[in-house]
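Per-chain residue numbering starts at 1, and chain names A, B and C are given in the order in which the chains are listed.
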Amino acid sequence: MAAEPSAGTLADSLPELAAPAVPARRRLRLPVVSLGIIAVFVLAALSAPLLALSDPYEQALRLRFQPPVWLDGGSWAHPLGTDRLGRDLLSRLVHGARVSLSAGVLTVLLASFVGAAIGLVAGYYRGRVDAVLMRVTDATMSFPVILLALILAVTVGPSYTNVVLAIAVILWARYARVIRGQVLTLMELDFIAQSRIAGAGAWRIITRHLFPNTLNTLVVLVTLQVGYVIIVEASLSFLGAGIPPPAPAWGSMIAESRDFITSAWWASLFPGLAILLVVLAFNLLGDWLRDTLDPKLRQL
Amino acid sequence: MRLSVRITLALLVFGLLATPAQAQKTPGELTIALSSFSTEVLDPVVGGHIVKYYLSMMFDYLVGVTPDGQLSRDGGLATKWEPSADHKRWTFTLRKGVKFHTGEEVTSEDVKFSLQRAMGKRSTTGYAGPLRTLVQDIETPASDRVVIVTKDSTLIIPTYLSRVLSTEGMILPRKYIESVGDDVFARKPVGSGPYKFVEHVTGSHIKLEAMPSHWRLGTPKYKTMLFRLIPEETTRIALLRRGEVDIADVSRERVAELDKEGFPVHYRREEAILHMWWAFGPDGWVAPMKDKRVREALNVAIDRNAIAQSIFAGKADPAAIPMGLSWSFKDIGFKMTPDMMYAYDPARAKKLLADAGHAGGFAMDVYAFQLPGLPEGKAFAEAVAGYWQQVGVKTKLIPVDYPAFRKLWVDRKVPGSMGYYNIANRDWIGTYALLEKQAYGPSKLNDTVNDPEIDAMISQVTKQTDREKINALMRNIFQRLRSEHYGVPVVYLHSAYATSKTLGKWNPGTVMYDLFVDSLASSK
Amino acid sequence: MIRFLLTRVLQSLIALAILSVVVFILARFTGDPLHLILPMSATAEDYDNARRYLGLDRPYLEQYLSFVGRALVGDFGTSIRARKPVNELLRDRLPNSLKLATFAMAVTVLVAFPLGILAAVHKDTAVDRTAQVIAVLGQSLPTFWVAIVLVEVVGGRLQWLPAAGMDSLASYVLPGFTLGWFVVAGLMRLLRSSMLEVLDSEYVKLARVKGVSERWVIWQHALKNALIPVVTFAGIYFSILVTTAIVVETVFAWPGMGRLAYEAITSRDFPVIQAVVLTTAAIVAVVNLAVDCLYAVIDPRIRYGS
């Protein structure tokens, strides 16, 4: 029988981690499409300033909502058309990769770092430390992310930093719970006990023995959550709490042009497709990672 | 297994589609979809002005008004009003036989009660303050006569208590409120208007039902009126297409597509002036805005026509007078001449800036927020900031919402930064009240002008009863506001209201925060 | 079992207490609600009057204690913007959110189940991959975009379904679908993996060897056992749906808690902000608790093979 974690609640594990039992033979078929999509966007993000694109911030009111080049009224000056203020859509899409991708990745890395740290500490020390940390985690998890971001937005104003912080401040709790659950199980294992007897201190055990064994879970979680964060940012833009204009964040590009979904469809479709492809790619990649790295994750 | 799932799915879908015709409108019901209900409070003294849209159906005003903003003896409870020779006693004669929804007759006691309540401590109406300072006493010599005694000679009393401005003139039932209390009244309001309150679901709708017959309308043509709160524009338009609403406020940019489909669109022309101003520091003007040349430069750097045509889809006209509420111009005899308009001249702007010693530009924060009736708010702020960038001003957009900006502005924490508002257009009395609050030094909180000459002119108006003198003073005030560039007036906004194809003739009028939907129900 | 319940309830209460302090501070941090209810022309004296009238001039500690004291007996105070008891607002709006969440849950289940079962039964085939992509699609599109497209196309142009309001069952479809589609992926993955695990188990292998029909194996055994963890997760999803519906509620003009929270935050309506956050946290806590109890009760049976 698999080791039952005394790790409290089912809410510890995340549905994302549910995985099939993997047959003995492993298929190392890489998820080419997902990786390919991500690579393209990352490349775009990194090389944006170097490419020969129009200025993504330059507005030209008389050219607003110009259609893409293949439609009547389009021109090669703006191959994908222009947005509400006449800014070049292609350029904003490419520069937007920097903004949206970096926001997603940064948020998740921040949340996972903090969450993992807390989970490790809670799981290792148990007792009162664990109890206190877990109560704080519970409280954090039950605070809706969007409301916190909204509150921050009306208080100090929306900004890139605030969006990252607002989401990370709630997101870490999920990581903390999962990692803690894993740590509790790991602690039951012999080699931990042996290390202790050998005189290893907390720091050593946590960093040398516990953390590496949670790395797989972290990698899977991080990958799966990048997409989620990008979507949340888009929702925040809709409510006026996202990365503010004139930054070319994909989410706010869609939000700005949402009244023109049928009339100037290009202004929202292209950033929407960008989000769709990127998030889809990260999700599928995360699924694949989970299947390959740690299929027994569900047990934890 | 999969079969049973499929069958269940099919049954569900069938069941849903078989539901009798998706909630088509109730016949005899006028449905109005609005993007905002503002405070949604049903008690006139704590609601603010935007609630007038629906409150003016439930309550009668002391003084009525025509759709184009002229005081009228036909539209209000007062059939006539006249001042004493010294303009310190205003006598109102009330209509007889008007009843509240509870059946009691409206008397002068109710008028006195309502007015005192509007001026009371709890009141947050727009003009409660001025009324408090002005009104000395209210006498009720007869059941159909009210005399308002003021401390100073004044012309403004009838207008302040009319439908033209805010809600202070709404007449409330004294007996009912005294017996059930303010809280119950706010939840089950009772007035004497043509429609009585039925239900209010916060965040969703307000439903009203017609009284069988009313002195204002005769027999109302619509048995019920439903105001629906639909924040998202696409949804309002979808409801219009589905025939579920009769009137919807729509953004200027989407009017074109509705026009094409044959939905009538009514405009309230120049419903608001989109006016930008600088926040003061603790001691008033800060550099570089202190310099008149800089203020002029920022004005001529903007292409108002481009903004009007693109962001406001042509449903706006360039403005030139700071705080120039154009519905008052006719009243005071102010004529806009072509030379008053600001030309789009970035070269001149750069020169002016250089002359003022800012050839290299300077930093300026521009606040960017939406407002009710201004969904284009952020795009507008971005556009204007963009124009200023082009002449060398280093603008930074601050996207907090209006309440946050207001606090910073009023607390004088962000000197030199720029905010804006779509100030609702109004008649000369309302305009004067606004100038007194926005351009008059002594009312420190909201002053955006801080000019002793203008202060002097405004304080003279307060005590005047001679219309000619008042008109002349106000003309001079506007002229000076313009010549000193005390603000950046950008455009006059025309607001669009799309209606169903079967609605018929409708004049939404030119009265602040009122659509005169009761005129649609009138059989007179 | 009782001990377990008691400890968990106590833990939830402590979490709620922490949350109450946090939300109290955050709500007041948002600014001054008076700027919204007083007109542009209000004087400093008007502000003082209003502040006194609304009890906002008392020291913070007193305000907090009064808030907690009344909250414990279920009174969340009076809304500053609406001048109504907050409880009334909650009473109006909470059932709407619950109804929508229930419908959305039904949609999720209806979509996730066929997908999950198909994917598990046809593991590693094209069917499996397609089902996974369809499921993940729901998580890869911004909710408001899906909502607006549906309103415009299905509601406004094709006019197949209502675009706003709560009048009929048909009004639930578009918002319910938008809300539910977002969590389809998670539920589908879970179902797929649970089923795979059971399908791989000794018991099923034995049944297959014995010659029991594949259909019976899938329907009778695998699905039933796979359902248990899925049902427990459904509880968690339900609370997610209740708490994240703000976008859907805005687009479809659905008068629920999400929209109430948004209105409260934008008008700095402290009592309502506090009440909404605590109520949704309490719902999440209750649902989690119920789910954990269910799991604790049912799980040992599975582990020992049914």
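As a convention for this text, a contact is a pair of C-beta atoms (placed from the backbone, for glycine too) under 8 Å apart; a residue touches a chain by one contact, two chains touch by 3 or more.
Quick caveat: nothing in here was measured; it's all calculated off a predicted structure.
Enquirer: Once you've mapped the touching chain pairs, tell me: line, ring, star, complete or other?
Expert: complete
Enquirer: B-C versus A-B: which interface comes out with more C-beta contact pairs?
Expert: Between A-B and B-C, contacts are more numerous in B-C.
Enquirer: Going by the average position of its CA atoms, which chain sits the greatest distance from chain B?
Expert: A
Enquirer: Quick check for you: compute each chain's CA centroid and the global CA centroid, then name the chain with the smallest gap between them.
Expert: Chain C is the most central one.
Enquirer: Per the centroid of Cα atoms for each chain, what is the distance between chain A and chain C, given in Å?
Expert: Chain centres of chain A and chain C, defined by C-alpha means, are spaced 20 Å apart.
Enquirer: Counting only Cα atoms for the centres, state how far chain B is from chain C in Å.
Expert: 38
Enquirer: Just give me the whole-number Å value for how far the CA centre of chain A lies from that of chain B.
Expert: 43
Enquirer: Residues of chain A that contact two or more other chains, please.
Expert: In chain A, residues 154-155, 258, 261-262 touch at least two other chains, as defined above.
Enquirer: Could you list the positions in chain B whose residues touch two or more of the other chains?
Expert: Residue numbers touching two or more other chains: 234, 401, 403-404.
Enquirer: Two or more other chains touching the same residue: where does that happen in chain C?
Expert: Correct list: 31, 148, 152, 157, 250, 266, 268.
Enquirer: In their complex, what parts of chain B are in touch with chain A?
Expert: 233-234, 251, 253-254, 257, 303, 306-307, 309-311, 368, 370, 375, 378-379, 382-383, 386, 397-401, 403-404
Enquirer: What does chain A use to touch chain B in their complex?
Expert: For this pair, the touching residues of chain A are 59, 61-62, 64, 84-86, 153-158, 240, 244-246, 256, 258-263.
Enquirer: Can you list the chain C residues touching chain A in their complex?
Expert: 8, 11-12, 14-16, 18-19, 22-23, 26-27, 29-31, 120, 123, 132-133, 136-137, 139-145, 148-149, 152-153, 157, 185-187, 189-190, 192-194, 196-197, 200, 229, 232-233, 236-237, 243-244, 246-247, 250, 261-262, 265-266, 268, 273, 276-277, 280-281, 284-285, 288, 291-292, 295, 303
Enquirer: Hey, which residues of chain C end up touching chain B in the complex?
Expert: These residues of chain C touch chain B: 31-33, 35-44, 46, 49-50, 53, 81-84, 89, 92-93, 110, 113-114, 117-118, 148, 151-152, 155-157, 159-171, 173, 215, 218-219, 223, 250-253, 255, 259-260, 263, 266-268.
Enquirer: Would you tell me which residues of chain B are touching chain C in their complex?
Expert: Chain B reaches chain C through residues 1-2, 5-6, 8-9, 12, 15-17, 19, 22-23, 39-41, 43, 46, 48-49, 121-122, 124-129, 166, 183, 186-187, 201-204, 228-232, 234-235, 237-239, 241-242, 244, 401, 403-404, 406-407, 410, 421, 433-434, 436-438, 443-446.
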